[in-house]
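Only one structure is covered here, and it is reproduced in the block below.
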Amino acid sequence: MEERIIFAGFGGQGVLTMGLIITYAGMLEGKNVSWTPSYGPEMRGGTANCNVTVSDDEVGSPVIIEATSVVVMNRPSLDKYESYVVPGGKLFVNTSLVDRKPQRKDIEVYEVPANEIASELGNLKVANMVMLGAFVEATKVVKMETVLKALPEVFGKGKEHMMAINEKALEKGAELIRNMVSTK
Amino acid sequence: MEERIIFAGFGGQGVLTMGLIITYAGMLEGKNVSWTPSYGPEMRGGTANCNVTVSDDEVGSPVIIEATSVVVMNRPSLDKYESYVVPGGKLFVNTSLVDRKPQRKDIEVYEVPANEIASELGNLKVANMVMLGAFVEATKVVKMETVLKALPEVFGKGKEHMMAINEKALEKGAELIRNMVSTK
Amino acid sequence: MAKVIFNEDLCKGCELCVNACPKKIIEMDLSKINTKGYHPATIKPENMDKCIACGFCAMMCPDVVITVIK
Amino acid sequence: MAKVIFNEDLCKGCELCVNACPKKIIEMDLSKINTKGYHPATIKPENMDKCIACGFCAMMCPDVVITVIK
Amino acid sequence: MAKVLMKGNEAMAEAAIQAGCRYYFGYPITPQNEVTEYMSKRMPEVGGVFLQAESEVSAINMVYGAGGAGARVMTSTSGPGLSLMQEGISYLAGAQIPCVIVNIMRGGPGLGNIQGAQSDYFQSVKGGGHGDYKLIVLAPSTIQEMADLVQEAFDIADDYRNPVVILGDGMLGQMMEPVDFDNVKKTRRNLPEKTWATTGRGNREHRNVINSLYIDPPVLEKHNYVLFEKYKRAEQNEVRYEMVNCDDAEVILVAYGTMARVAKNVMNIARREGYKVGLIRPISLWPFPKEPFKKTVDQVKGYLVVEMSMGQMVEDVQLATECKKPVHFYGRPAGMIPEPSVMLEKIKQIAGGAR
Amino acid sequence: MAKVLMKGNEAMAEAAIQAGCRYYFGYPITPQNEVTEYMSKRMPEVGGVFLQAESEVSAINMVYGAGGAGARVMTSTSGPGLSLMQEGISYLAGAQIPCVIVNIMRGGPGLGNIQGAQSDYFQSVKGGGHGDYKLIVLAPSTIQEMADLVQEAFDIADDYRNPVVILGDGMLGQMMEPVDFDNVKKTRRNLPEKTWATTGRGNREHRNVINSLYIDPPVLEKHNYVLFEKYKRAEQNEVRYEMVNCDDAEVILVAYGTMARVAKNVMNIARREGYKVGLIRPISLWPFPKEPFKKTVDQVKGYLVVEMSMGQMVEDVQLATECKKPVHFYGRPAGMIPEPSVMLEKIKQIAGGAR
Amino acid sequence: MAVVFEKTKGLTDVPFSYCPGCTHGIIHRLVAEAMEELGVLDKAIGVASVGCSVFAYEFFNCDMQQAAHGRAPAVATGIKRVHPDKVVFTYQGDGDLAAIGTAEIVHAAARGEKITVIFVNNANYGMTGGQMAPTTLVGQRTTTTPYGRKPEVNGYPIRVSEMLSTLDGAAYIERVAVYDVKHIMQAKKAIKNAFLAQIQNKGFSLVEVLSTCPTNWGMTPVEALKWVKDHMEPYYPLGVYKNTLEEVK
Amino acid sequence: MAVVFEKTKGLTDVPFSYCPGCTHGIIHRLVAEAMEELGVLDKAIGVASVGCSVFAYEFFNCDMQQAAHGRAPAVATGIKRVHPDKVVFTYQGDGDLAAIGTAEIVHAAARGEKITVIFVNNANYGMTGGQMAPTTLVGQRTTTTPYGRKPEVNGYPIRVSEMLSTLDGAAYIERVAVYDVKHIMQAKKAIKNAFLAQIQNKGFSLVEVLSTCPTNWGMTPVEALKWVKDHMEPYYPLGVYKNTLEEVK
């Protein structure tokens, strides 16, 4: 098994954190993992993304060209990374901020209105957690319970008060997938 | 013909100038010439010397190991350069400041009390010219008349008042050689 | 009457103009998100006549978003 | 009586001591050339008793040639 | 301490501290800033000194002072900063001061960009500074190896009284992987005491002097020979490399650092497609590993050197193979990753006998 | 102007002025001080600017500014100073600014000594700075050639928009030989107008920008390829070398600069003793002349590379000969001249078939 | 209808790459307006340095060079010596000018180099992620002074304007701030004066501008302005430190 | 019989390599005597710089490092951070300290680095043959200002002590001369004070010594002393520029 995942969005949307949680969880499950951030041409603001590999074998190239999954949190990221998904791979789209449909027909697309769900939960900042919940549920790259274990490690001290809402957001995202008929 | 000459002494004795005059005169006579100064381990004070080549052919190595002539103006220079003279070559010793005899038997040695003669001429600074006169007379590397032409070029403007005494010093040195029985 | 024109797509939502306006008529347009992803600054049409054309907002804006005419 | 000792071979003939001596008793020994090639500074024996052991020559000498005792 | 997830830059910093390094002097530059930031947090905790210098020139000269005073000391930077350090590095080598210098390479020349690249190979391996000297250059390719090699680097530096360079790239610096500090791989050495260090004379009989000036040519020459004796010893003892699938290989990929990871992937793909492909990964870039080439040169059809540069290590591969087999090259500069598909294509051509 | 007797350093300075160089920025360092001093006298006479910078770092960046502003500009230094210039040189190459940089080599590493040496070959030829770039490097071996090549260097720099290095050594810098400025040998070129220079916009349609930053990797990659296209053109057009007595040679000496003069002497001696010895003298060290080796490799028994270093150019000779014949090396560092007698001995061994 | 305020021709159309509310943008505008108003855009040559303002060469509507970190004054010197009749300026941050570029700025000032330096003091290294700068205040937390700047370890912040004013070659030196409109207007006057000192061949001129870095200070842009006023200004007093202009405008 | 004056144990037996009458020798002696008298020879670590005093590592009777040109303060910083209880000093010329080493000296001072700097100002580059230094006087001829230093081209000499005194990290700064016995005695006091500032952990200390270069000035040593007094001292006023010592000796 080797999952190669790209998380992409604006700086500030928490895409690096999403990647980090999966990476951490993968490590907790004894997998080989690697997390690589990359910067867009503008260093300040602009796009942010990270490449995550979770594998049973040694991790090869840290730079992902053929992704098993791609998660896009905004429109420019969809434009850039849609083509990176391998045929049969998965694409997660934050429909709250993406105003077009993906064009690929050879992949599985999951549409998640992450900002809207987060807004319902009362905190726009957990949109990434909603998306992550959906991602974990759909891909099973790592177990949800491991993700819950990884959370406090990644957020560190001082964020304990956020745990409840983060967990709720993850659950909401997962629920969405469970209820969803994949829009092939 | 290729003459490879080392002029050596204390800084301040004008050994670089001696070399320069021969080099300049060589050039005036249409020879290939080269002049290379070298510094002793102490940059300030200490020994000074230069390597001069006057040749019919292209000048090869600017650094002389096998000298056709060596001119030493003080004792440390004799100690260092006596061995550089090729068998049959010439060694010029400023006996005013050198208190030992050369040891080599396979070379021609010319003993010139340059400082004393200069002192007689009324200017200690022309000791190098006395030695140069002797050198030119003995080696005929260049003609004395070319040396006289080279003088103003090497000394440049502002030294015209020194011409007469320099010429006299050269002549004194040459005279010494003409009168001398080479001390083989 | 004075008019303040915002080059909306350049706005980064820093709110320095809001802070600088002596008449406090500038606000962020929460109904819009510009191409840079920010809620841009704006003056509601009904507030525009309160503008005294001092140009403070424009002088304060770090992104030269604002033109003021009178 | 004061005594000034010159470590002759270290002398570079700069004459700063000559200049510094309030009694003007230091001179260069033109009869000698030291291993560095200079005429070293000296005080003639007959002048030594003029020395007041002020130590100025030693303090001025850049080559620490001079020792003064009293 | 269990496995921890760390950025390469942080892992190197932590490894240095665990290796007893208590002095770090550096200047911020992307993509190695995490080293500086980690050190600024950790050094005060362990009673060490983190000092942000006013420039890389200053940083490397602080390293000179501290290393000459007997400390385990480190600095880190990226291309432009390393260029500024060249005079200092030449002095360190000349004065035989042990220290560890990290270069996390980015795109060049000039200001270039901040993407990970491999175009400072020549600078580190052939000598970017003036004069005849050598640096021992180690190139990790995983975060764990970054930690391992940093620890080893301090020992090598002390063993040889020579600067050791860790040559990574922006990718490795920024990447996170699990690191296990309890199982660091390093050679056991009897390290010489630093009797030469300027620690204040105290009761010592002689004065200690740190110096690279030998104004008399024969004396400097002797000093040069002393240095080269040391380098010869390093060539015998400090060569490091990894060989994968080389036993039956007809085509061998040669790559270091991040590029070697990509190459390993490509090797696996090619193997799956039935090509007998191996990988030689030099870990010590100087001394350059010649042995793996001697071992394989007779059996292979050719080598494919891949670099994230316009081609630098390829020259050392040519020298190591003594031109007995074709050495092909494929590289991309500017932080672009050479395409696996192109690599595959080239492998097939070489397997097919291309010269 | 008849032949004049000049030091190498002075001849280069005068040649620069005659080539239209009106801006010189430099910092004193032995053994190239005469360049600085000559320039300080002459530049005001010809209406040019001599400016003593506060350091070599500053000097090379002044060169960047002036070169980028469209001027013919030069600096000169020796090893330690060149090391300090490495960042600036990488920027110059990246921003494609023409200029001439003189390095009058001395003994190293570190402060080393002030004797002429040849141990900065790698630094200039392989790239002492960061990133993928090349400098065009010319190595004169007589004072006349110093004058010739300096003049040529300015044209090459303008032609390629690239820094050109004159690599001499302390011996050449200090030596005096006659120079004839009326018969300077140089290639005629149609030099492009400097439409890219920052001269103030005036009526120009577009802004001119001098820059080496290309933050987007694909854009920087494209820029890298532009540079390497230029380098390819230089490899085709700017190779320079001298071959002496190679037609029938069984042993060929390879040397540059001062060392080539010594080698020529030894070659003559060996010829007199009946050995068929030739000499290849690379004049452009980059692009390195491969041709003379291609031409001779089949006929010779071996090459003897002699350098005033521990061995640097020897690697390029090995690459150029494609390892078809043994390449022997003899060198001495620290400003010591390799012994003619040892060279002779080695020649005899090679002639006798030593590998 | 009269235009009260519109974008100066001194700026290109490229949007600034600065973070929201970063006062680099204000300073850019002032420099550009000063050049436009003095009528020197067509003969201006600017030098961008390394820092957040590295892309300044895309923003100023005149010929530009991008200089190595800290070396802008040397690059500007090279340019000015070739084109003594042109108007040459540098735009530098405090890491660039007061750390790695200390020698270059001191010597440009000592030489009385006829260039104008815009010195943006934001008390940290913005571009590389908020590390300590030579101008970081005592006690200030940055990514390399996580426990606050400690004088025993990191020494004291450098007052650049005061230091350079000791040099005879400096013709005009002023420290200004841009935390409100009044100070912005003063800053513009200072920048114009600095250019005038160059145009009048008086010598070296520099304007130090106290600026913000909301991103790395971890403040909103509005809070950041207040921090400049409350914390920076007391240590870095505003005012003219050197002035040899014929007529102060 | 009492010894009025003998050579200090702070110096080795190696004869100085300076030219006849060069006051580098006097300054060496004063530094060595100060260390001997303060009893710190066994815990002193000196840093020699590049210049005529490059061989200082052979002369001072304590542990020594030789530093790259201009970088002695950085090297000293590295040493002092490793051995905070030792006494660390640099010995630097004006080319070394005030030209290429400007950034290093300014930042060592700003950091309040607890080192002592002996700064020998002889208004030119001695070692390399008498080129212009940043301290060369206006009008002074050197091998790189053959027509005299011109302010329009080369700018103005830097007053290092004044400049560094603007920095909060500087604890003791004094300018002295050694052109006669009285001034030599004052110079020695200043050097001792500078070491004391270090020993008392006050911060950075520097003594600028106006020195001669008879060789490159083309004067006799005695004339050179007079030139210091008549030409250098007026531009470089002697005196204490900074003093935070508990008790001035």
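A, B, C, D, E, F, G and H label the chains in the order they appear, each numbered from 1.
To be clear about the criterion, a contact is a pair of C-beta atoms (placed from the backbone, for glycine too) under 8 Å apart; a residue touches a chain by one contact, two chains touch by 3 or more.
These numbers were taken from a predicted model, which means no experiment stands behind them.
Contact with chain B and chain C alike is made by no chain in this entry.
Taking F-G and E-G together, the chain pair joined by more C-beta contacts is F-G.
If you average the Cα atoms of chain C and of chain D, the two centres end up 85 Å apart.
Averaged C-alpha coordinates give centres for chain E and chain F that are 29 Å from one another. Centre-to-centre, using mean CA coordinates, chain D is 60 Å away from chain E.
Computed from the mean C-alpha positions, the centre of chain B lies at a distance of 55 Å from the centre of chain E. For chain G, residues that reach two or more other chains under the stated contact definition are 18-20, 54, 66, 68, 99-100, 102-103, 106-107, 127, 134, 154.
For chain B, the set of residues that touch two or more other chains comprises 42-43, 45. Shared interface positions of chain D, i.e. residues touching 2 or more other chains, are given as 12. Residue ranges of chain E in contact with chain A, taken from their complex: 3, 5, 114, 142, 171, 174-178, 258, 261-262, 264-265, 268, 337, 339-340.
Within the complex formed with chain H, the residues of chain G that make contact are 99-103, 106-107, 110-113, 134, 151-152, 154-159, 162-163, 166-169.
Contacts from chain B toward chain F in the complex involve residues 20, 23-24, 27, 33-39, 43, 58-63, 65.
In the complex of the two chains, the chain D residues touching chain H come out as 2-3, 10, 12-16, 19-20, 38, 53, 55-56, 58-64, 66-70.
Against chain E, the residues of chain F that register as touching in their complex are 57, 78-80, 82-84, 86-87, 89-95, 105, 107-115, 117, 119-120, 122-123, 126-133, 211-218, 220-221, 223-224, 227-228, 309-310, 312, 315, 318-319, 322-324, 332-336.
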